[in-house]
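One chain, chain A, appears in both complexes that follow, with chain B as partner in the first and chain C in the second.
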Partner chain A sequence: MNGAALSRWTMAYFAAAFGLLIVAEALMACGYGFPAVAVEAPETLVLVHVTAIGWLSLLMCGALFQFVPVLVGQPLRGRRLVLPALLCLLAGLACLLAGFLSLSGVVEIGFPVLGCAAVLLAVGFALVATALARTLWSARRTGLPMPARFVAVGLACLAAAVLLGAVFALTFAGLLPTTDVVGWGLPAHAVAGFGGWLTFTAVGVSYRLLPMFMLAPETERATTRLAWWSGGVALFLAVLAAPAERALSGSDTSLAIAGLLGCVALACYGADLVFFYRRRKRRAIELNSRSAVGAFACLCLTAVLAVAMAVMGEAARHVGALVFLAAYGWLGGLGLSQLYKIVPFLTWLECYGPVMGRKPTPRVQDLVVERRDGPWFILYFAAVLGGAAALLAGRPELFRLAAVAMLTATAAIGLELVLARRLFNVAREKRLPEGTVRPHLFFAAQR
Partner chain B sequence: MSASYLDLDVRPILRDGGEPFSAIMEAVGALAPGQSLRLLATFKPLPLFQVLGARGFQAAAREIGGGDWEVIFTPAGAAAPEPEAAATADDPRGWPRPEVELDNRDLDPPEPMTRTLEGIEGLSPGQTLAALLPREPLFLFNELRARGHSWHGFTEPEGHYRIVIRRGGQAPS
Partner chain C sequence: MSGQAAATPTGTLAEAVRRALGMVIDPELGENVVDLGLIYDVVIADGGVALIQMTTTTRGCPASGYLEEAVREAARAVPAVSRVEVFMTYEPKWTPDMMNDEARRNLGLTGRRRL
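This part shows the complex of A and B:
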């Protein structure tokens, strides 16, 4: 095994992601996009893509550059692609948002900005996927461990989501002939993005990180394999088979089967999570593992609501609330809770690793003040639940109030992460022993 | 072979709530070539079977009454094969026996890494340290490489990781 080095640009990805999360929450607090306008309105598309690409995808990319090498015990391949990928993604997102604003009539742009967005985002995500896929491929000789297999499926779904998104953008830009591509491809685009790339990958990474942080057994379980198989087949059906079936026969059988298999996968994942929490050796778990429970509860709630509404035939009417709960409760909640561990840990390793064992160093826990930060996570999850309830009840003014609370909690957590990165919470006399250097806010020093 | 036992009774240590691992490893280090260790303990020390098994000892255990056990560890000549071995380039078979044995399995992360690095700082160049860790220490590998140490390790069947590290570079200041 070769070990895992610190990923140089992961903090830059996290910082960009966090900044865009603040932007998205501020937009919601101002009443921009859904629910003030329709789900499919350009303003809502701005909000959805700031969230999905800006916050969640950049967060996921930054985390994967650091943790895929940990999953497979191989160094990251194609490190030089990481920074160009970030620049392409940020430029592509800016073009995409400008394109949506132009569709909404707010600005007039004289060139096909959505076409630029399609190219830049496709190149950016292709660079990300190339580095990660090459790293996974380098571990094929010993067989990919289960968490890495989830990531592999997630990367395939990323490719599908980006491809469909690029086709939509080129169609909107008038660079492709106008067809009903959005009509048949939009559900597949959303499922590939939120279900495959973001959720399936997050599940895979959590299979390694949760036992690592809680000292739970990491033996491969039958439920994990079943979660991977059923989830993988569900994604295949929803992303590839369902649009084809809809176009050819107008029926939705494969989508229904995909939904059932997705429930099986989630049930298996739930069983594995209960196993990790119950069998952990570390009795007093840290705030990141405690607050992650909120995210898992939101995932469970999203699934239960989605099934209930599908049965009642109400799913289409409440799709906005369901996507909000999945994006901010499950994915965003998991992201915030794990950032609270990952940022201090990587900072500690970068700063104190070189003198560890030679000089007394602070503990990782000394970089944060859990007692001060616990309430912010409670406020965040309470606000997300309140926001989802307001959407379901058709109360946009309460949703904006919930968004203000989310924004407050997120800003507080973000400030705490900056303080952790600057070693602010470490007692001054222990902060920088001889031979250490204060880490930079946006990138890691290389040794 | 019957006459060449080194006897070690760790029952008093265990009854006082102590940790006999270092005493056992000291006794193992003091064995003459071909000599066996006769260990008396208040329970069947299964984890030790694995630790000493990896160092080429065969264990024979029998209950001697009162819940106590006698275990005889006999050197079997060549070291047992080590599955999924991960190592730096030089051949660990030529390394000296570990000066220090650490059991870091039950420490909260990142203490296993910190303690292991502290242990290495106490060694002279060329000396070795063995440590049991809760899992494969991917971030530790990177630190060992940066400091110029060599290592050899593998995941044991129970799930924990055993690593032997040889100190490289200059003597500790």
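This part shows the complex of A and C:
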């Protein structure tokens, strides 16, 4: 078999990620963390890491185990690492959250739980990166296609983010001497995590999936290469050069250049997205491609607001709103919209793939009801925009209201994914032809 | 089986195989592999051996293995086919232009652009 097979544990990653998204949104709806407390407060760190590691990183890992083989046309290397990685990441996240709760004074823990978090998360992400990097490496002879190069840079940024995060955790745990490591390393940690690992990787995967779903031309464009180069250099400057420059001379020239190059990368990506949508052959596109437009709009809005606030000298004051918009509008919105395609697609393959050609099978589209589900995506993006506006306006009570709306929309989308996984929407007579088995919710059967 | 094959004109048998492959649906696009233009060639060799050259819409697609197997099974079910050999190729690369009119219409490749 050429290329990819079903990734056995991808659904488990998705399920864990979705559960943690619900937790994060419920915390925001209850008024836990920012904006009720400061951005750097332990309660906010709980919220940020449930979002960044629990929701977005687990989602990204699960998706990459399935789609990196598609990007390079090679099977996934190191399949055995996938489940241990998930267990390490979940245990590491639990320790990290316990450590933050301990810092906030809610609980007392008698051992250096943040040290355990550092080790478990580092091991978990190392296992993930090993499997993915080996798969990318296996395609080196034919040359890595451009989407896979984005993923490669994303993995390098993941390593940087995890390394810095581990140093912070060990410092907080008292296992490393106290220095100003958080002061100079925090921006690099955030940029490597949100900008490199999550955003750059998502951009790379979207370069392959969007044309595939919309039947748009897949030709490699000059703007795509420019996006990779400028984005890659911007990340290098922001993650490596800027902290060094700040430590040595106290200036931020590298960071300013990184910001400019980041804008160039985003402009090129935007041009490519417009090209894909305008040149698509499939005129009536599916809900996942339609709702992804909301995520791209949030990315654009985040960039415009960030530039405007940097120019006005207000960026530090509104960093919480910007991170919220990027995490929930851009990354979370893209994740939810693509889950709406990926979950039914993988479920279809698992259930009906083995009898295809021998029995009549439903279509992938029969596993979902787009007309019913479209409004939930509209509610989700409207709530995210409302939440960001509430943060910018300094109205925490409105932010909580927006979080309730996000939670409602997310829960509804989650329910639809469960229904898709259980084949609930497929007509009863077509649902389980002879030779098929209803897929398990959390993992794929081995073929 | 082979006796039947000898009695059946190979062109007709190839057509029968193509018709049988109409049951195999590409899961991503929801149309059958023949209408999508994923079946590049069907040749019937001596003894009723069906030689099928096919592709997928995208290289490395998770459905590739299932599609290959499904094409093999569907062709094997045709009376007078004694054996099936499927060759997966990406030369030439599949493009939407290879679809027939019916698949184009069903996928909305004609008509107004709607978001």
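We adopt the following convention: the second predicted complex is superposed on the first by the 446 of 447 C-alpha atoms of A that agree within 3 Å, B and C clash if a C-alpha of one lies under 4 Å from a C-alpha of the other, contacts with A are read in each partner's own complex, and residues count from 1 in each chain.
By our rule, contacts are C-beta pairs under 8 Å (C-beta built on N, C-alpha and C of every residue); 3 or more make two chains touch, one makes a residue touch a chain.
Model, not experiment: these values are computed from the prediction.
When both complexes are overlaid on chain A, chain B and chain C end up clashing with each other.
Within the superposed three-chain model, A:V293 lies in touch with chain C and out of touch with chain B [touch as defined at top]. Counted by residues of chain A touched, the larger count belongs to C, out of chain B and chain C. In the superposition on chain A, A:A247 makes contact with neither chain B nor chain C. Of the two partner chains, chain B and chain C are each touched by A:T361. Contacts of A:Q66 after superposition on the shared chain: chain C is touched, whereas chain B is not. By the touch criterion defined above, A:I378 reaches neither chain B nor chain C.
By the document's definition of touching, neither partner reaches A:A256: not chain B, not chain C. Of the two partner chains, chain B is the only one that A:T219 touches; chain C does not reach it.
When the two structures are aligned on the shared chain, A:M312 is found in touch with neither chain B nor chain C. In the superposition on chain A, chain A positions 1-6, 69-70, 73, 212-213, 215, 281-282, 345, 348-349, 353-354, 356-358, 361, 364 are in contact with chain B in one complex as well as with chain C in the other.
On the side of chain C, the complex with chain A involves touching residues 21, 23-25, 27-28, 30, 57-74, 77, 88, 96, 107-115. Of all residues in chain A, those touching chain B in their complex are 1-6, 69-70, 73, 212-213, 215, 217-219, 281-282, 345, 348-349, 353-354, 356-358, 361, 364, 447. Against chain C, the residues of chain A that register as touching in their complex are 1-6, 66, 69-74, 208, 212-213, 215, 277, 281-285, 290, 293, 345-346, 348-349, 352-354, 356-358, 360-361, 363-365. Residues of chain B touching chain A in their complex: 86, 106, 108-110, 113-114, 116-121, 134-136, 138-146, 159, 172.
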